[in-house]
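You will see two complexes here that share chain A, one where it goes with chain B and one where it goes with chain C.
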Partner chain A sequence: MEGVQRPGRLRAYARFLGLAFAVNVKSVLEYRVNFLVQFFGMMLNNAAFAAFWAVIIGRAGAVGGYGFTDVMFVWGLVSTSFGLAHVLAGNVRMLGKIVMEGGLDVYLLQPKDVMVNLLASRTVVSAWGDFVYGFIVLALLPGTDLARLALFCALALPGALIFAATFAAAESLAFFMGNAQAIASALSEFMLSFSLYPEGVFGKGYRWIMYSLVPSAFVAFVPLRIYRAMDWRFVPLLWAIALVYAALSYALFQAGLKRYESGNRVDTRI
Partner chain B sequence: MTKLGARLCCYGVAASTAIRDRTAYAGNFSASMLTYGLFVFIFSRVWSGAYESQSTIAGYTRSMVVWYFIIAEITSFGFGRYFWNLARDVKSGQVAYLLARPYDFVGYHYAERVGGSFVDAAIILAEGLAIGLLLAGPLPAAVEGGSLMAGFGRAGLLALSLVLAGSLNFYLQFALALTAFWLEENDALYWIFQKFALIVGTLIPIEFLPEQAARAALWTPFPYLSYAPARIFVAFSWAEAGSLLARQAIWVVLAMLLARFVFALGSRRVALNGG
Partner chain C sequence: MAAIVADRLSKAFTLRIRPKGRFSTLRGLFRPERRIVQAVKGASFSVNEGEVVAFLGPNGAGKSTTIKMLTGILQPSGGTASVLGLDPSRDRKRLAWSIGSVFGQKSQLWFHLPPADSFRLLGAIYELEPALLASRSGALIERFNIGELMDVPVRKLSLGQRIRCEIAASLLHAPKLLFLDEPTIGLDVVARKEIRALIEELNKSDGVTVFLTSHDMGDIEKICKRAIIIHHGEVVVDESMKALKHRALARKYLGVRYAKPVDMDLPGLLPIKRTELSARYEVDTNEHSLAAVVKALASRGELEDITIEDEPLENVIATIYASRSGAEASLFGEREARHD
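On to the complex of A and B.
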């Protein structure tokens, strides 16, 4: 019986996520100028750092074992993963604020899983620019072909899951600490910043943290090694790691949810 | 009290109120302090990587370039983000209430916002000096020797340069924010401005840029936002500091005139309908 219910449940969730995404897209396209400004603005933001790296590597040759192509690949992959996480789970960095302000009540009354429902109910407009930027960078890198594009996508998906899981876990601290905005934004900032710079520049003493608590290694450093070697064998392992982070994040959210107290706030979702 | 005296008194009160407000809620600034500390740490590591095979790049040692970054970022973190509040006031219509008040709009906002930023900039400067001593070692020596006079001169001119950089940043962001009188969405203008400011003198000294780009950059206001104070700090000489400060002052005056011009044109478009 369980086996029969499960595919149906998965289908229902897939349909729900598809509908939530479609509603979010309609909502952002309602303000087209704002969408285009943020879309291109974010790409410009990322491109500014490409200019920085071009100058530094032009002067120094390589930094921390990365050449310009490596840096651009990492920026592209991290942009796409980070963008995808915020396009599909736009509430991921609002989660703590929603919990703190008692805004979870509206999701508790609905039949879908609270965490999935909450995360998927918003999209971040500028993240669309991040998402596309990665593909533009990839197209401009030398030697890009369909096989490399496929590998890039296979690496970006677990990256997005790890970003979403880590940010959600950091934000879920609000269940336990009340106002956890400072620590959550610090963890998110660390995660993103460590991902965007060459692994080699961080001493070995710091690196353990990037393979555990702030898993920048699995969204940037390890994917770069896989991409350089064009070695698909480690991709399933990366997916497994992403699922572990997602499961841990989900468990933390569920543990926190038991401590949640309603704010008796009246909200509507239109 | 003369009219000018009354006006200066009004601006003084605005600035001191903003300073007391920042001091009372200093904890609100902890996120910026953390981000600043993180950036300094990461860039110090990046520079270590870049200097692995050479001791100087474009005349800068590793220690100089880390100190450069520490000072250059003070303008962004301490005197940085005026655009959003100003643009929001225009877009929301709040500006209509502010226009009716008996003070000079541009002058009052300058006193209030730049005055409040002094607290932020002082906190960031103190944090930067502490982190710099840990990550980059002793302060870089002045080009003209390590006399007491040069030491005091460098500190004083650095403070003056930071104030000029903050003022320039304010007036440029003010002019950009007030384009909201014409454009519904003007965020992109700020983003472009911010990125130019970042590349031209904040993340890297302009000497690192290709020669023609560096020469062209000197004719824009961007080097005077971050490069000038950072350069005064890491390679102090009286002649260069004087030249940089003079150019900064000229840009501040030009930016102030631009801000007043944009305000004069834009404020004519405000329609008050009571309420």
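On to the complex of A and C.
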């Protein structure tokens, strides 16, 4: 027994998260056709929006200070960040529902951090399409080289963390409100919509929100500025901001966990 | 040593209720009314290491809430709990290394994947070295006879097969204490028997302490040595199965069938059911001597058949459950104990 009971170390967590990811992938691949339809369906969906922007900018010129390349970069980056958040932390937008229906019990019975365990227990199939779409867009953009690819990745990772942290925080309101689905889904809609339009089209009041509560700025506008200038100096700052969002989200979840009321629904792990 | 000590453990939930009358929905939106529901009201009991204890109670009595407080899922509103020397509300993660749990209604296996994958993942969750995981899984697979099921997706397993895999999975980290919440729910007679035998063996050969809730009297009579009954959030009975069964023994059911119609009313004892030739009596042996009743009935006429049955344990428990309050159930307990 004693040999088994080692406190959670990073290596043990890495092994667990790696295996959880492998199991999630295997779980979605159980239904291959569904996976392929959702994967390619999402890329097609994203491509349709790209075509729409191409037409608008083709006719009206730059919109809100964004040219076509800028728009495509933001679409690609947001798509990859958003996709990565849902590929790795697939339960992020199920969290509120799981809390509401008493589904945390299984995670609370295991000797791992509840939030990490819960988020990593699922992958969203369509998000794989989003994730890959960003790289395809990047590959098609003029001037893409290895350095730009590296910067793209360095910007996408904190973006994914900010997406996951914000969505998880909104979903964690379920601990306090019982049902927070309306707020959570509104917030994720806002965050995505704000991210996908040029910063210049928004007024000052909106921008305050986008640099705080609905942090679209840190997943789209700021990364675009860094990318345009190819300036790595601000990348660590973006990482630091992402970590602050993650810490706040984690703290909110932990505070909520004390109020968790469980439930008696019949459950299976999908 | 005590594996579980619950001291005046209580849990209150806040319910939002919709006001009645005009514009109720609108009023409820702005000024919701709240009601406090006491699910568990100061439950105190203890379980020793190596014991197999039945934790009983009707639906809504507070069984699951108590188990959830003991495993660290829920934070108690009052009182304290100590499980394997740890406070579940503060040391949940540490406690999780040494307890196992099977909730018949909640699965810890991945629905779309074969149990083998869940076992591997649980091995990583409990940080078992691959070699140790392999030897533990091997032993459990053999003991639970689930070798053929390990590569079948869980969704394709029968309920009995799934529960066998669930219990095996909950034992991978060799817990000292096992919480089983209705493990045999929905199982057929054969599967139920198998699960009971496995639980019994775990306790006997590995010394695992078992805390079991079940609505199945068979589970309880076969496996448990002691029963704690919770009702309306209070512990109303805490005694050995032997004592509980003894309560049942105080009441006998006596059936007679005569060759010809006779007067079947005895002084102070009327049949609970009768036909022209037969009758059934409920005899409280504290009030009537069974031998005297049989003798009196035999003297009434020629007997064709006579049967004597013990009161099923289920009836004793049903009477406790049927009481309207915790105090009433306790009173019943005391009254029964006095009869003993």
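Everything below uses one rule, namely that the second predicted complex is superposed on the first by the 255 of 270 C-alpha atoms of A that agree within 3 Å, B and C clash if a C-alpha of one lies under 4 Å from a C-alpha of the other, contacts with A are read in each partner's own complex, and residues count from 1 in each chain.
We take it that contacts are C-beta pairs under 8 Å (C-beta built on N, C-alpha and C of every residue); 3 or more make two chains touch, one makes a residue touch a chain.
Only a predicted model underlies this, so the values are computations on that prediction, with no experimental measurement involved.
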item: First (chain B), second (chain C), both or neither touched by A:Phe40; value: first
item: Partner chain(s) touched by A:Asn179 [first = chain B, second = chain C, both, neither]; value: neither
item: Which superposed partner A:Phe202 touches (first chain B, second chain C, both, neither); value: first
item: First, second, both or neither for A:Ser262, with chain B first and chain C second; value: second
item: First, second, both or neither for A:Val63, with chain B first and chain C second; value: first
item: Contacts of A:Phe190 with chain B and chain C, given as first, second, both or neither; value: first
item: Parts of chain A lying in touch with chain B, wherever the complex brings them together; value: 33-34, 37-38, 40-41, 44-45, 47-48, 51-52, 55-56, 59-61, 63-64, 181-182, 185-186, 189-190, 193-194, 197-198, 200-203
item: Interface residues, chain C side, partner chain A - complex; value: 13, 16, 64-65, 68, 71-75, 92-94, 96-99, 101, 103, 105-113, 117-118, 120-121, 124-129, 132, 153-154, 173-174, 176
item: Chain A partner contacts - residues on chain B that touch it in the complex; value: 30-31, 34-35, 38-39, 42, 45-46, 48-54, 57-58, 184-185, 187-188, 191-192, 195, 198-199, 203-204, 208-210
item: Of chain A, residues touching chain C in the complex; value: 1, 3-6, 8, 12, 15-16, 19-20, 23, 26-27, 30-31, 104-106, 108-113, 117, 178, 258-262, 264-270
